[in-house]
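You will see two complexes here that share chain A, one where it goes with chain B and one where it goes with chain C.
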Partner chain A sequence: MSTLSEAVAETSVRPARRMPRRRLFSPGLLAALPVLALLAIGFLAPLIAVTAFSFAEPRSFTVFGAPTLENYRTIFSPANTVYLSFVWSLVFAALAVVLLALLCYPVAYGLAHIFGRWANLITLLLVFPLFISENIRLFGWVLFFIKNGVLDGTLKSLFGLELQSILFTPPVIVFGMVYVYLPFMLFPMVLGLSMVPREVVEAAGDLGASRLQTFREVELPLAMPGFIIGGLLTFVLAVGAVAESKVLGGQSVIVITHDIEIAFTYAQNWPLGAALSVLLTAVVGTLVLLVLRYLDLDRILGRR
Partner chain B sequence: MGGPGKSRGPGRMGGWIGAWTLLVIVFLYLPVACGVLASLSQSRYFGFPITQWSTRWWQRTVDSIEIGILIQTSVLIALMVTAVSVVLAFMGALAFARYDWRGRKIFQRIVLLPIFFPQAVLGLALLLWFNTLGLPLSWKTAVFAHLVWIVPIATLIISIQVYSFDAALEEAALDLGATRWQVLREVTLPVLGPGIFSGALFAFLLSWGNFPLSLYTTGADSTVPEYLYAKMVAGYTPGVPTLGALTTGGAAVILVVGYVSWIFMRRAQGR
Partner chain C sequence: MAEPILRLSGLTKHFGGFTAVKQIDLDIEEGEFFTIVGPSGSGKSTLVRMLAGLEEPSGGEILLRGERINETPANRRPTCMVFQSLALFPHRTVGQNIEFPLKMRGVARKARRARAMGLLRLLQLPESYYGKSVTQCSGGERQRIALARALAFDPEILFFDEPLSAIDYKLRKTLEKELKDIHKETGKTFMYITHSLEEAMVMSDRIGVMRDGKLVQIGTPEEIYTRPRDKFVSEFMGEVNLLKVKRNGAGLHCPSLDATFTGPASKGFDSGYLVIRPEYLRFLKPGESAENQVEGVLYNEYALGSRIQYQVRVGEQVFLVEKLREQRYHGRLDDRVTIGWEARDSMLAPE
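For the complex of A and B:
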């Protein structure tokens, strides 16, 4: 009896409570739809196309044939040295991330806690290079490092020194990555550091923690989400970087993205390029999805 | 025994951090300065110190019809990208940060995926996709390619502003008898104005400077970064750094004008 009357009561109350949600879609989903549609057509579909192409007949330009594993067989055959490109790309990216973390930490700390009202202007100065095409900026470094360039010319005319140019060697590729991706490490780090309440750091100091202890046991764990996002973002972008090795590296090393590009252009072997892209996407995607699962984006972006 | 006497030394550490930041800024702008130097050199091949200064490469670049067309294409793409991304990203940001709905957490991650993705690979994937659809490549396909990358970024930027938005304002307006449309026009949009504006600024400038996506998706149309890249690889003249410096200057003007108007918007809002 009582359950029945409860049920009746509930049904009679429900429609009123549900009034604003009577629509088929919630306002959130409705607002999300355009972006979701764009990403379905512009991101998901191209990735499916690439995957389909990677199973196409080598050197063909259509996906509508009998699927074959030939492209993957070519890549994984022991005679193929393309795995070296993968190794180079991963090593360069890892080095770039470590160097960037060291380079950016003091700046991020300054922006989050020290610069005060100057922070906006400094941020603007640090953001601006993002809007200059990366190949223009990398070319500036070519002019700097090249024989008779700015560095060489200055050393010669001032000190009579002549140095071997580091241009067109592998280390300068890492240098280029550090240069181009600096903002992508810096700003997530700033977000992370501004999540650390000042009082907590001061309390740790007052309780007798050394500066290193405070950093390791208070600041670092609290700021970690920002650092992880910065590291992940720069790693992914650096793995996929191609301009650095082509403009600065002078093709002394072929990175994986360059291999993919060669397959698509000179070699005219789209299916092979597609198979390489699928492998690169698999590596990057696994990493990104694993890390993103553990981050609470509301907290990272919402706290000011 | 720390106690009150122990100096935290924020002053000295602040000094070191300031100096380090200054070095980083110099590091960021050094190649830009090298480009400007090279553009002011008279001789065809770059050598430093510069023996003969000249502005003839600037003259030539400004006069060139070919470069005028390149700039037009780049501006056209950037304007279209800005217009579309602002609308999509505004709605996306509401879904990202404002509404509580069931798929929100997943939506937030989906939005991040194109940002956490190598752009060159995305460009090639789009090339394959357009080819499969039989779409001819032109500046229009480039606009679409830019959108895939820029809309998520603009969504994040606007979201940050949306997070600090007090939803009670909207409800108050509704309670006072405003229609949904009035609330959007007179409450939501003005409050979110600065965020939307920074989103638009980012969209324009990121599209203007983009190279990896344009490279594979513009077809016969060419943007400034693409042209410069082709010239860097083969056929260097001081015209290359000149055009580079010119586009940099253009972006700087837009950013400064944008930043100043943004500050005014914030001020007006504060009142």
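For the complex of A and C:
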């Protein structure tokens, strides 16, 4: 008798006990757990560490002292020219994005609408260079652009032209960025363009729109999410790029990431490097958030 | 008769080695509601895409009021199309969608708005929809918006490429009638593509039946329904009873039933199918008789709402009999029944 009542009591209690547990470990949360852990360790923790270091005593290696704004004061002091590095970085990144957009649009259009069964092969060829280390590819370009290198030597022997080497100048840095980040602009653009239904474009023409009007009124706005993603991706990557300016630009221009690297290595001033990093993150983050406000991510991921 | 608004002569389209449209000759009269019906892959969409300027013909001519428009691009043709997907601009409001053709022509904002409002009223959409996003509209509303946008273009001919195919049955029936009303109201020439003959029957002045890139038969819905040219057309018109027959003297011999029937007079018919619509068959009570009659077993019955359909098996042959509910057969399943029909109610279709 007692066992029976116990059993009854247990079964009647069980659902009440289960309910909150089920809510705590919803399948969605469980599935997201590994990513959340990774983000916490690999993204949030360094961010906190860097932010903390930016308020540390200059040239110190501990974050547990009294917080100070000394590092930021150094950066913003009129005697410091580090703002130039910021400007260079942003200008290079902006130029790279604009050039990439102009360069990638025709290719992306072809990949999305014209090349047909060749599109896969072309995509593969465009992805192929990514298998080789970026630095090795950039050093390849050094050999191409250097005095008496491939370009210079060819021009000299064929046409007798003596050009000043353009290696180690800002334009080559932009070239390097365009070259390295091309896939990151191209593929989101292809995605964007293939999101534009063919019949909608046809309908615009059928309703009397010229080729240019169709592009402006229908194709461009509908493909815009892809273009914006590509632009954001390449902009963020280019702002954070350091290899292009070091390898192709020599030391002609110091970009902000280079400054940060110097602060952390040769200068052994971690707090200054951290403060520069925080400022860069803030500037780029603000730009990205501004753009994302005008972007419906759901639409890009195919949900309406 | 006046000059046709649209004349197709020998119109042909090849895709690689495949011929989608073969030598089509057709005249469309001003103000007509012409429907092309055909199964998928019959080339009907390709045909209308050529007419709209979205595909270039491989051969033949498209004449609009006597003028060749083969090479005229879509945006310079005075025609407009309502697409199967409707192809509304998802990033624009209802008003902007309707005004699109006017904007492209540089019509001033105020005039555009007035026209859009008029069209909203014509299509029985609330004026408040002007600023609504098209992605928030229902299927039926989107149909109306697509039609309004096409009408805003003020085309000489309006093409429709199966715009109703993705709509549920009840709404489709309503929209079919509405479309016919709009046709009457606007007086424009409509050319409609569909795979549903039922849809074509409801709306059209004339129907062209298409098969394998060719127009098999052109006629009024009445003509197509009562005098289908061949087996394909007759089957396409809905459920029919087909008896394979051979001419045998004055009668028609049906080998599968080993019986000889009298059919409608038809010169030159040698062998093919005797076509009898299910509604022309009737159950014969004892003592009644018909020009043609067969005996079989009532196998099953299907209620179709206002009508009831019966399956009668005569040997291997299955007959469908359709009766209004008030003329229903009073008896049981598996009864032995005699069904009959008059010679004038049947049709002959060559192979």
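One rule holds in what follows: the second predicted complex is superposed on the first by the 268 of 304 C-alpha atoms of A that agree within 3 Å, B and C clash if a C-alpha of one lies under 4 Å from a C-alpha of the other, contacts with A are read in each partner's own complex, and residues count from 1 in each chain.
One rule holds for everything that comes next: a residue touches a chain if its C-beta (ideal position, glycine included) is under 8 Å from a C-beta of that chain, and two chains touch if they have at least 3 such contacts.
Only a predicted model underlies this, so the values are computations on that prediction, with no experimental measurement involved.
Asks: In the superposed arrangement, does A:236 touch chain B (first), chain C (second), both or neither?
Replies: first
Asks: Check whether A:222 is in contact with chain B, with chain C, with both or with neither, and answer first, second, both or neither.
Replies: second
Asks: So in the superposed three-chain picture, is A:208 touching just chain B, just chain C, both, or none of them (first/second/both/neither)?
Replies: Both partners.
Asks: Is A:155 contacted by the first partner chain B, the second partner chain C, both or neither?
Replies: neither
Asks: Tell me which touches more residues of chain A here: chain C or chain B.
Replies: Partner with more touched residues of chain A: B.
Asks: Thinking of the overlay built on chain A, is A:131 touched by chain B (first), by chain C (second), by both, or by neither?
Replies: Once the two structures are laid over each other on A, A:131 reaches chain B alone.
Asks: Quick check for you: in the superposed arrangement, does A:91 touch first (chain B), second (chain C), both or neither?
Replies: neither
Asks: Mind working out whether A:292 is in touch with chain B, chain C, both or neither, as first, second, both or neither?
Replies: Once the two structures are laid over each other on A, A:292 reaches chain B alone.
Asks: Please work out whether A:42 is in contact with chain B alone, chain C alone, both, or neither, and reply first, second, both or neither.
Replies: first
Asks: Quick check for you: in the superposed arrangement, does A:200 touch first (chain B), second (chain C), both or neither?
Replies: second
Asks: By the touch definition above, which chain A residues appear in both interfaces, chain B in one complex and chain C in the other?
Replies: Shared contact residues on chain A (touching chain B in one complex, chain C in the other): 205-206, 208, 304.
Asks: Taking the complex as given, what residues does chain C use to touch chain A?
Replies: For this pair, the touching residues of chain C are 52-54, 73-75, 77, 79-81, 83-85, 87-91, 100-101, 103-105, 135, 149-150, 153.
Asks: Would you tell me which residues of chain B are touching chain A in their complex?
Replies: Interface residues on chain B, with respect to chain A: 2, 8, 10, 14, 16-18, 20-21, 24-25, 27-35, 37-38, 46-49, 87-89, 91-92, 94-104, 107-122, 124-129, 131-132, 144-145, 147-148, 151-152, 155-156, 159-160, 163-164, 205-206, 208-212, 216, 224-225, 228-229, 232-233, 240-241, 244, 247-248, 251-252, 255, 259.
Asks: If you look only at chain A, which of its residues touch chain C in the complex?
Replies: Residue positions touching the partner: 197, 199-200, 202-210, 213, 217-218, 221-222, 304.
Asks: Okay, in this complex, where on chain A does chain B touch?
Replies: On the chain A side, the touching residues are 26-29, 31-36, 38-39, 42-43, 45-47, 49-50, 53, 61, 63, 103-104, 106-107, 109-111, 114-115, 122, 124-126, 128-144, 146, 148-150, 152-154, 157, 179, 182, 205-206, 208, 232-233, 236-237, 239-243, 246-247, 257, 260-261, 264, 270, 273-274, 277, 280-281, 284, 288-289, 292, 297-298, 301-302, 304.
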